[in-house]
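There are two complexes below, and they share subunit A, which is joined by subunit B in the first and by subunit C in the second.
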Partner chain A sequence: MDFMVFQYPMITVQACLDGILLGILFALIAYGMALQWGVMNIINIAQGDLVILGGYIAYFMYLYGIHPAWGVIVSPIIMYFVGVGIYKLVINKVVDRDLFISILATFGISILFMQLMNFAFGADVVLANSGYGTTFLFDSAVVLPNSKIFSAFVSIVFAICLVIYMKKSKLGRAIRATAQNARAAKILGVDTEKVYAATFGLNAALCGVAGALISITFTIHPYMGLPYTIRSFMIVIVAGLGNLPGVAMSGMGLGVFEEFADYILGTEFRIGSVFLLLVLILVYRRFKLSRKREYLK
Partner chain B sequence: MKINKIILSFISAVAILLSTSVVSFAKVVGDKIVLGAAISLTGKYSSNGVHTQNGYNMAVDRINSMGGVKVGGKTYKFEIIYYDDESNPKRAAQLAERLISQDGVEFMLGPYSSGLTKAIAPVTEKYGVPMVEANGASRSLFTKGYKYLFAVLAPANLYLDVAIRTAVELNGGKGVRIAQAFEQDAFSQDVRLGILDAAKETGSEIIIDDKLPKELNDMAATLVKVKQMKPDVLVVSGHTKGALTAIRQIAEMKVDVPMLAMTHCDAAKLSKQHGKNSQYALCASQWHKTLTYKDNFFKDGMTYAADFQKEFGYDPPYQSAESSAALLVFKDAFERANSFDQKKVRDALAATNMQTFYGNIKFAPGGQNVDKPMVLFQVMCDGAGKCENKVVAPLKWASAKLIHPIPKWSDR
Partner chain C sequence: MNKNVLLYAAILVFGLAAPFLFPAFKVQLSILCVLIVLATTWNIQGGEMGYNTFGNILFYGLGMYLCASVQVGMFFPLAEWTESGGEKTFVHTPSQFFQGMAAGLVVAAVVPTIVAGLIGYAILGLRGHYFAICTLGLGVAAGEISGGIEIIGAGQGFTTPPFPNVGGLEARGEFFYFLSFGALVLTFIAVRAIYSTRFRLILNAIRDNEDKAEAMGIETMKYKIIGWMVSAFFCGLAGGIMGGLVGYIDSTDVAFDGREMGVFMVLMAILGGKGTLWGPVIGATVFHIFKEGFWTFFLGWQYVALGVLIVVIVIYFPEGIMGWLREKYPERFGEVVDEADRKAQVELK
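Our next item is the complex of A and B:
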């Protein structure tokens, strides 16, 4: 245990800012998960692997001399079609089944993606350099890499665009209708099959954006997907489905929690503490539910 | 229906053919000495696994084309049976069993990484199969009393020992303040133990001692502490992720530290991926092409590097060089034993005392190579941003002068 983080106020500020910037990025991935969980009732274990695949797209652009920031445009476009492809091949066969089947199916996709990425891109850890500088705050006591600020900014822009799209566009309305009641939507003429495919594609596209941002801010590696799946799962569990402000808040909360866990318990418990928090929250929710005699829907 | 039958019989014919051909492989067949190796060709170690395999293949071709191995007046050629262990220790142990009991292999080459070597060593030991390994440096491999395990590389606890001693020397013999961050794996923890020993002996103080997770991609917290506490040396070991993450975040957060020492820089292609940001980093390495060790097969490091480049299209990392050296050790031991008796070969291996292009090789009773020091190189870049690794310590092999302390970011 190390309480240095509380002894120096500037470290506390640094940890909070780092956590918030990171959390916004997590929230973007979680929002994608919430979207397709809400609409299709599928928990996508391959979420993190889609993120990493998106990261590789930005990385390859960087390798060929294109600035990786363009990855946030290109990667979602490619990933949208990857998502639709996965839907057509696998997900449409499990979409009406129970949750367990879909978890198994996406778990399989996750393993397949990991191995394919390893096969295609190699097991090396890679990153894309954005060349963005650093912002110094408070007489350079707090340092924020511009790449993290850029990530958070892009995540917010995409989240806002998505909210507007969901509210205003025809497909957005269809998606929301299907989420509320798939059968009713179908009767009223919504092509739910199309809606499902588009939803899965949108989710993959969001993962693509997040992946491109992660390749700029951190590192990517074929086997690094699972922690992102767990984080987004947790954020969605806390925030509930279809609750964007909730997702954003719990994303940032998780980011700050992780940073503080890192300082206090040590970096080795960073991911571990997320898992622990997940267990605690699930136990707590179960406890609350049993008191209210409700089903978790 | 008929077609199905034909396909079925075809498949079974092929299967029978394959199985008989596998059985006919064994230890020494005709003029071939068959060695077995389980190597990570897929999975998370696959890039270093391939470096290992390339190193083995390069040496096999070279030794075979230069007359092979002479035992009992007859010449033999090396051949290696490879299996892919999928970077998985359990699988590696199974494959070792298979190589020995099914394929009849009597001599083994090591896999990549300490973890996998640890999984295989009990198997080779059980069957009394001599294994020369080139990529398992963990100290715990050499304290188990294994009799058939020989490692051509220096043990992990010596990796960054030189760095601490150099820092102390530059500090006028007084102890230094060390910040360290190590991944939670066998190898990095051994490197850490080595630092603890060196710190104790030199009267240095460890002011930050962080552990890094396997899924590491953010070590900002450690670096913020480093900024606050201002240590004299920052030591990082977390395989390629650790090296890449550290350099990225040190540059982004403009962390000033007089000395930065780490492992796995060349595997991480640090200077290629980070360019000028990686400048001044000190890296522990088992080998560097500019070292002036010599042998009859590869001549010296520079020639080895050039030949390797020609054959595989990239500069050899030390993982390849040490793997090639393992074959040279085997050849030497076979010829001195003048026999294929496993016990005699084992004794000959234990008595090895030779120089290869990779370094001197002499095994301690535990099996580790005690005759080859680690080297430290520093990433140095010219004005145009072209970076090169130059050996700076120990002084005997240095091809450039260590730049110390590292210039502040504000002055770069």
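Our next item is the complex of A and C:
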């Protein structure tokens, strides 16, 4: 236990800023999850593994001498096709089935990806050095790596672009229509199969962006996927489907929570506290709803 | 009925004779027994009650840690044991070992049952995928947190007491085989007894439509908690045995191994057929034989194979072996089939 947080107020500021910048990234991943959850009613356990895969694309660009920030452009393009491929191979067979089947199937994909990445890229913790330097605030009491600010900025840009795309473009309209009522959309001439594939691809592309940013700002490792899935799941259930400001806010809240858990409980309990928070949130919502004799649906 | 008695007797005799018939496979057979216990207990929840859990690994790991801790803590200081190679400084005498194991197994079965009862009210109020993800979170959280606790070895693991030097070379394998086989027999008898009562019908009612079951006046929450407690009891027992068998406990790789054991139990039950008595037994046996094949021939690629296996089973074979048999030979399952109807269906196909 470390009570530095209460003795030095600057650490609190540091933790809050770190948490908010981290949380924006989480919100981006959660947005992808909310998108496909809303449209296809599938919870993708492999979400975090897609993020890590996107991170490795940026890392390999870095290894071959290209600046990893370009990964933000390249990684989503590759990941889009990976996503469509997963959809065509597996997901389209579980879309209309029992939810547990889709959870288990994506769990299988998650294990598969984890292990393939472990073979292909090795079990080392890696990061792509962007060389952006750091910013010092308040007489260098608060240290912010510029890469974190960059990643938060890029996430916001991508999120805004996606929101506009969903509102204005033809595909975006088709996706929203399918989310509202898949059957009606089909009758009115929307190729729902194509919409599903595109949704899954878009989700994977968002994961690719987030992964590239994570490889610049933090570290990536083949087995680090599941916590990202759980975080995005948590953000979505706190905010609710289709509530975009809510996703952003709860993402930042989660980021700040994690930074404080890191300082107060110690780094070894960081991931554990995230998973425990998920359980607590679900139980809290269950008790709140059971007063009205309802349950989480 | 008479045929059934013969079948059970044959299996029992085979089970008792197996370690002497196949002495080289004693450890594998013990693991098979534990796997069958886990699949059967998962089936109470996932198959009969319709509450698909990833979290039974919590009770399994809890039982594993508790059994080993009790076995050590009854005679020696636990902290010194786990700190560094306590098993070299402190040696259990045979009677200490067996007493510790017995007490440890009791604690390993009872404490998870109590834990299940305590958290059951909160967790079992969730439904469907929320329940699945919540239990997944529980299992992973338990692994991460136990990996940070010093007294049970934290990240470096916990060596369980080595088997005392009695009864020759084969004694260890035989002891653990009969222990796990005993647990299997106990589980099977208990589950079979449970399935022949009204309790199973209530669980099935909860699976098919919980709201209606509640409207019919069944206290669903009570039965859900009891069902979970029964699973937890046998999961904890299996964990305790497995801890002694493996001889080494690590928080995320052995005890709370959601990536392996946690998925295996789900997969085995689904492979065999959810919601049947024999399904998990057959599923676990087939899976174990299949897995051992992969584990030796596909060295290094086992998780890749596992991932593919999960996807293939879940997508193409969700009814399992028993479900497939039932469709093929409905008469054997006591279903009355109209011949004309069946012919018409065949023609339609």
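Here is the rule we go by: the second predicted complex is superposed on the first by the 291 of 297 C-alpha atoms of A that agree within 3 Å, B and C clash if a C-alpha of one lies under 4 Å from a C-alpha of the other, contacts with A are read in each partner's own complex, and residues count from 1 in each chain.
Note that in this section a contact is a pair of C-beta atoms (placed from the backbone, for glycine too) under 8 Å apart; a residue touches a chain by one contact, two chains touch by 3 or more.
Remember, it's a predicted structure, so these values are computed and weren't measured experimentally.
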Is A:L137 contacted by the first partner subunit B, the second partner subunit C, both or neither?
neither
Touching A:T219, do we find subunit B (first), subunit C (second), both, or neither?
first
For A:D18, is the partner it touches subunit B (first), subunit C (second), both, or none of the two (neither)?
first
Between subunit B (first) and subunit C (second), which does A:I77 come into contact with in this model arrangement: first, second, both, or neither?
neither
What is the contact status of A:Q115 with respect to subunit B (first) and subunit C (second): first, second, both, or neither?
both
Regarding the shared-chain residue A:G272, is it in contact with subunit B (first), subunit C (second), both, or neither?
both
Partner chain in contact with A:N129 - subunit B first, subunit C second, else both or neither:
first
First (subunit B), second (subunit C), both or neither: which does A:L104 touch?
second
In the overlaid three-chain picture, which partner chain does A:I230 touch, first (subunit B) or second (subunit C), both, or neither?
second
I'd like to check the shared interface: which positions of subunit A are touched by both subunit B and subunit C across the two complexes?
115, 118-119, 226, 266, 268-269, 271-272
Note: in the complex, subunit B contacts subunit A through residues 42-47, 87, 181, 184, 210-213, 215-222, 224-225, 227-228, 239-241, 244-245, 248-249, 252-254, 268-269, 273-275
Of subunit A, residues touching subunit B in the complex
4, 8, 11, 14-15, 18, 22, 115, 118-119, 122-127, 129, 134, 136, 140, 143, 145, 147, 214, 218-219, 221-224, 226-227, 259, 262-263, 266-272
Contacts from subunit A onto subunit C in the complex sit at residues 43, 90, 93-94, 97, 99-101, 103-105, 107-116, 118-119, 226, 230, 233, 237, 266, 268-269, 271-272, 275-276, 278-279, 282-283, 286-287, 290, 295-297
Would you pull the subunit C residues touching subunit A in the complex into a rising list?
52, 122-123, 125-130, 132-134, 136-138, 140-141, 143-145, 147-148, 154-155, 259, 263, 266, 270, 300-301, 303-304, 306-311, 314-315, 318
